[in-house]
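A short worksheet on the structure shown next.
Every chain is named by a letter (A, B, C and D) in the order it is written, and numbering of its residues begins at 1.
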Amino acid sequence: MNFKSDNEAPAHPRLIEAIVAANSGFATAYSDDHWSGQLDAVFSEHFETACQVVPLATGTAANSIALASIVPEWGAILCHRQAHIENDEGGAPEFYTHGAKLLTLDGDNGKLCPQRLADAIDSSGSHGVHNVKPALVSITQATECGTSYRPDEIGAIAEAAHARGLAVHMDGARFANAVSFLGVSPAKASWQSGVDVLSWGATKNGALTAEALVIFGHPEWLEGMHRRRKRGGHLLSKMRYVSAQLLAMLADDLWLELAANANRQAARLAQAIERHPEARLEWPVEANEVFMRLAPERLAELRQQGFEFHIWPGHEDLARLVCSFATSDQDTGQLIDALQRPT
Amino acid sequence: MNFKSDNEAPAHPRLIEAIVAANSGFATAYSDDHWSGQLDAVFSEHFETACQVVPLATGTAANSIALASIVPEWGAILCHRQAHIENDEGGAPEFYTHGAKLLTLDGDNGKLCPQRLADAIDSSGSHGVHNVKPALVSITQATECGTSYRPDEIGAIAEAAHARGLAVHMDGARFANAVSFLGVSPAKASWQSGVDVLSWGATKNGALTAEALVIFGHPEWLEGMHRRRKRGGHLLSKMRYVSAQLLAMLADDLWLELAANANRQAARLAQAIERHPEARLEWPVEANEVFMRLAPERLAELRQQGFEFHIWPGHEDLARLVCSFATSDQDTGQLIDALQRPT
Amino acid sequence: MNFKSDNEAPAHPRLIEAIVAANSGFATAYSDDHWSGQLDAVFSEHFETACQVVPLATGTAANSIALASIVPEWGAILCHRQAHIENDEGGAPEFYTHGAKLLTLDGDNGKLCPQRLADAIDSSGSHGVHNVKPALVSITQATECGTSYRPDEIGAIAEAAHARGLAVHMDGARFANAVSFLGVSPAKASWQSGVDVLSWGATKNGALTAEALVIFGHPEWLEGMHRRRKRGGHLLSKMRYVSAQLLAMLADDLWLELAANANRQAARLAQAIERHPEARLEWPVEANEVFMRLAPERLAELRQQGFEFHIWPGHEDLARLVCSFATSDQDTGQLIDALQRPT
Amino acid sequence: MNFKSDNEAPAHPRLIEAIVAANSGFATAYSDDHWSGQLDAVFSEHFETACQVVPLATGTAANSIALASIVPEWGAILCHRQAHIENDEGGAPEFYTHGAKLLTLDGDNGKLCPQRLADAIDSSGSHGVHNVKPALVSITQATECGTSYRPDEIGAIAEAAHARGLAVHMDGARFANAVSFLGVSPAKASWQSGVDVLSWGATKNGALTAEALVIFGHPEWLEGMHRRRKRGGHLLSKMRYVSAQLLAMLADDLWLELAANANRQAARLAQAIERHPEARLEWPVEANEVFMRLAPERLAELRQQGFEFHIWPGHEDLARLVCSFATSDQDTGQLIDALQRPT
């Protein structure tokens, strides 16, 4: 029973169907195909505003290309200490930006605090060229702690950033889970709250490999993104297969349907943990990830029973349980039963 | 009728089947899955030697990561003036290598000449740190002119390179076509003739998006390749779908079967052009590309009749006709008929 | 009365004399001159071991070229949170290393703690290519807090680093001040305590502009340093003027004589502050920098009286007073008088 | 007798005097000193227009920082096949630009031909992101062949460049020699003929180490230049010594006086060669460099007699003779005598 990562789930059948449907006849290469050509319009409709879309195969590429197209090499990117771009991308943002600096901030529940952010920007860079120059704030939605920023929280961060001339990037590898949890429109969860560019993730949510950079109100960033996509080796010749996945995800709001299931399973686990005498939740469960404190020997038992999950680095009693579109009621039921079983 | 590029063909059904078959259950992410785990063994069997394989989504990534893992930033890469890495990758090799220099050489039929190569290496770099330092020779197989290096030609180039301390990279975006044309083993066409690292292309040959770096006798290059794959954003979380394509291509030598069809259609076109009173072949047809000289107005007519192909930049009377696994006897038959039809 | 920075002092007359003496006749360009040719031997004598020397014009270049020649782009550099390479070089280390990451650690008195360092290395990088890879520890001597590492402290850090495969770099912009304070040999303060490469600073100590990278036991790093010196634009055609400064500094231990004066003036200030009823020392004074806590209005008064110094960013009651070779007894006497004068 | 390079000459006494004069008292560090503060005004007066100046220690840094501040990493820089930035800077432009591409063109007498330049720009980059994008033309004045562009030649190149959206950079390592030869104003030789940014060289012309980037009409480039100067390690803490050299060079037009001597000596050599029965000039002598064809055995004799000079790479019968401010009538007289002496 896999609760290790939504990355380990397969692809949803409708994504496979979309690929099969796209596999017909010749199509112009390098993103000039019929499917890729629809992306701007379809995303613009879903986000209720004219936006531009750059299809990509990975979230690391989406994040890094976005950052590099906005932040000069002497710039600083402010993000949470637990951000994926800081900890899990092997230095990809530094590679694409040619050595821009990530400045990390603490914050409860995996979220940046607008005031601390404002202070950090104001107190940095006072020494001119000797310091790096704050240029962008990146937030993760849902966060690495499985929580979701509310629109007004995003708005406060964006206000602090914009007032100081910084752009706002959202790493939305689990944007679908956050939107589903919040019950707001994609527009409200992004540009209406001040997000300038969104890494819209589909892979963790049931695609084979498909992500999209969505740019709001900054068409001047596009050339840099297209150039970096090419130079990074991310301009697939047969881009149609990526774009077809993106379109399939948006069709009939499949992306929200899949995220809703993942969230629902996580919520069930959360409920069971809250009632559990020995376990407790580390952070509120507001998406598809559950962080559970439990005695290491109990965690070990669960693993022996075939439940797979990660232990949070440096915390032997903290388990991360991730649900996905492919997690069934039966899966979570079995884990709940195992948790409740006396040792 | 599309003769524009093998990149514009769809994927072969067996590749789709492989993806569907891989889409079952959970799998460890980031290339630690069952499919990716087989690559070294399966390629080693096909190449008759122990080799290491790095699966990737694009040829640009494969080439750039290979070059960057061998060539220092102050190094020089010697290649043909028409090489894809020089002309068509938007500077990706320079991006990954952090500004290594491509030194281009002329050569008949798109091929490097061993003697000219040796002279170029010997006469460069005589001024120490003021010059860039030759570090690698990159050859394209099949070449950008649709010709194929013979094993002894590769051997002579490799000898010139190795004797001077340079590594040998083969951009094998159309390696399948060359091997099929030459009728030699993959081993003979690569490491047995001195190739140190091969970008083994599958996308142009019928995959959705799948390439492999194959490393012969240089396991010390692997760490840099793995690190750069991550930093470049090319370590797909669901790598199984790429690896499954690679395995499907090798199974029952599908890759050679597909290349053989493409080559056969190209050969038919070549034969018709040779017999044509006004047309002529620019270069020998030794893979799946045909370069045809014909009066611009005749080319325009063909296009009006629905035949799609590229005009060689700067040469209005030079058409590039590319065949693929998906080019049928009927397709080439119709083009041949159109060519033979009096104007 | 300038206590702002040792960088603001002029050059010592003997350095000017050395430049005048070097200004005679033609000399081979690009570091192949008579003066540069002596550096290895002269430094080897002073450091009591065979070492290699790369003359450079700035400390930022020395630090960055050293780091880039040892640390791969996916590497991590561990340093103190207040390190110059982290805060004051505008991202130069990231530029030269192509985006390696600086991981900062806290530590009392501006010094790294060996145990915390060991823990940080051990707990980082557990996730393979997804993490950056610790590759080097950089310490500053004297530290940014005006303290000096004792040889056994350096030794403990080096042991923790070397045992884990990391190299040890010392940013010795004020190495002279530390050596003078410690009263040990340059050898003891560097390679005998485990330092692999030293940025030996002369500019802050009375040169016009002259620094040296000194490499102990790692000749394999030299090519990368020489190549990066050239690519960074730091291979001066008339290097003789830099090398002549370095030689003049070492001649008759001028470097230690100049540092001794700076230290002595700092010690006098420290003594006065310790006795002062309202002022106090923030950190022990173990080189040429004095960090004094004093009420902001008192600091303002001193400034009005013509004493120039920096306020520590974010601490309005913390003044940094820097002495140099050019600080006279009279200068410090006047400042001490002003401090003791009732308000 | 050194005719190897103007780089091998010492510094002119007035430059030394300027350094001695600057060596007085404290001065604000990092280019905020009294001397650096005058540069904009003094250069603006000399160039008869408001310009901005960035003092630097080397020509490689000046060229590379200029290029990187104008050309995106996916850009192309067009220059002559013999340009210093292409052949002699170890890849520094590629390092600073993060892998922009140098596209080289042939041209008589070391000069770019406006028409060929226009054609090269027009025919490149037709394939969008797959190609690099022409962004800047760089010309060398005086050229690597010792010739000087006339103002109208510069104007024609600039017109071709500007009409196509490219900027114009002049590598003026020997700008003084060209201006002296042409007998025109510095303004006419630069911005009035379309130059956007000039690397104004002083080192080869008698400074210890001093160059200046002079920016005409593009203040928006300054931030990038200042940031890159810092990140490249070129923001000297004691910049006053560089700026003082620049000011000394301009005072009383010393720079033109020194260049005039170098040119005069070169002209004397040229005259002797033209009259010589066996020797001939390879290119017109229009600055301070003389390229002489002469039998290799005769060149060897000259060397044995103590005349030092370089042989052009790949041409054993082509000697480069460089004169400098320090070349005396006696020096050239002796070389002329030796040339005329029967073997």
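The rule is simple: a residue touches a chain if its C-beta (ideal position, glycine included) is under 8 Å from a C-beta of that chain, and two chains touch if they have at least 3 such contacts.
The structure displayed is predicted, hence computed values, not measured ones.
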* Structure fact -> Chains adjacent to subunit A and to subunit B under the stated definition are C, D
* Counting only C-alpha atoms to place each centre, which chain is farthest from subunit A? -> D
* Decide which interface, C-D or A-D, involves more C-beta pairs in contact, and give its chain pair. => C-D
* Structure fact -> Chain centres from averaged Cα atoms put subunit A and subunit D apart, in whole Å, by 51
* Asked: Using CA atom averages as chain centres, what separation in Å is found between subunit A and subunit C?
  -> 42
* **Intercentroid distance (Cα basis), subunit D paired with subunit C, Å** => 34
* To do: Note the residues in subunit A that touch 2 or more other chains, in rising order.
  => 30, 73-74, 89-91, 94-95, 98-99, 129-130, 227, 230-231, 235
* Asked: Among line, ring, star, complete and other, which one matches the pattern of chain touches?
  -> complete
* Provide the residue numbers of subunit C that touch subunit B in the complex, in ascending order. => 30, 72-74, 98-99, 129-130, 133, 224, 226-231, 235
* Residues of subunit D defined as touching subunit C within the complex -> 2, 4-5, 7-11, 16, 19-20, 22-30, 56-62, 64-65, 89-92, 94-96, 203-204, 208-209, 227, 230-238, 241, 326
* **List of subunit B residues in touch with subunit D within their complex** => 73-74, 87-91, 94-95, 97-101, 123, 126-127, 129-132, 313-314
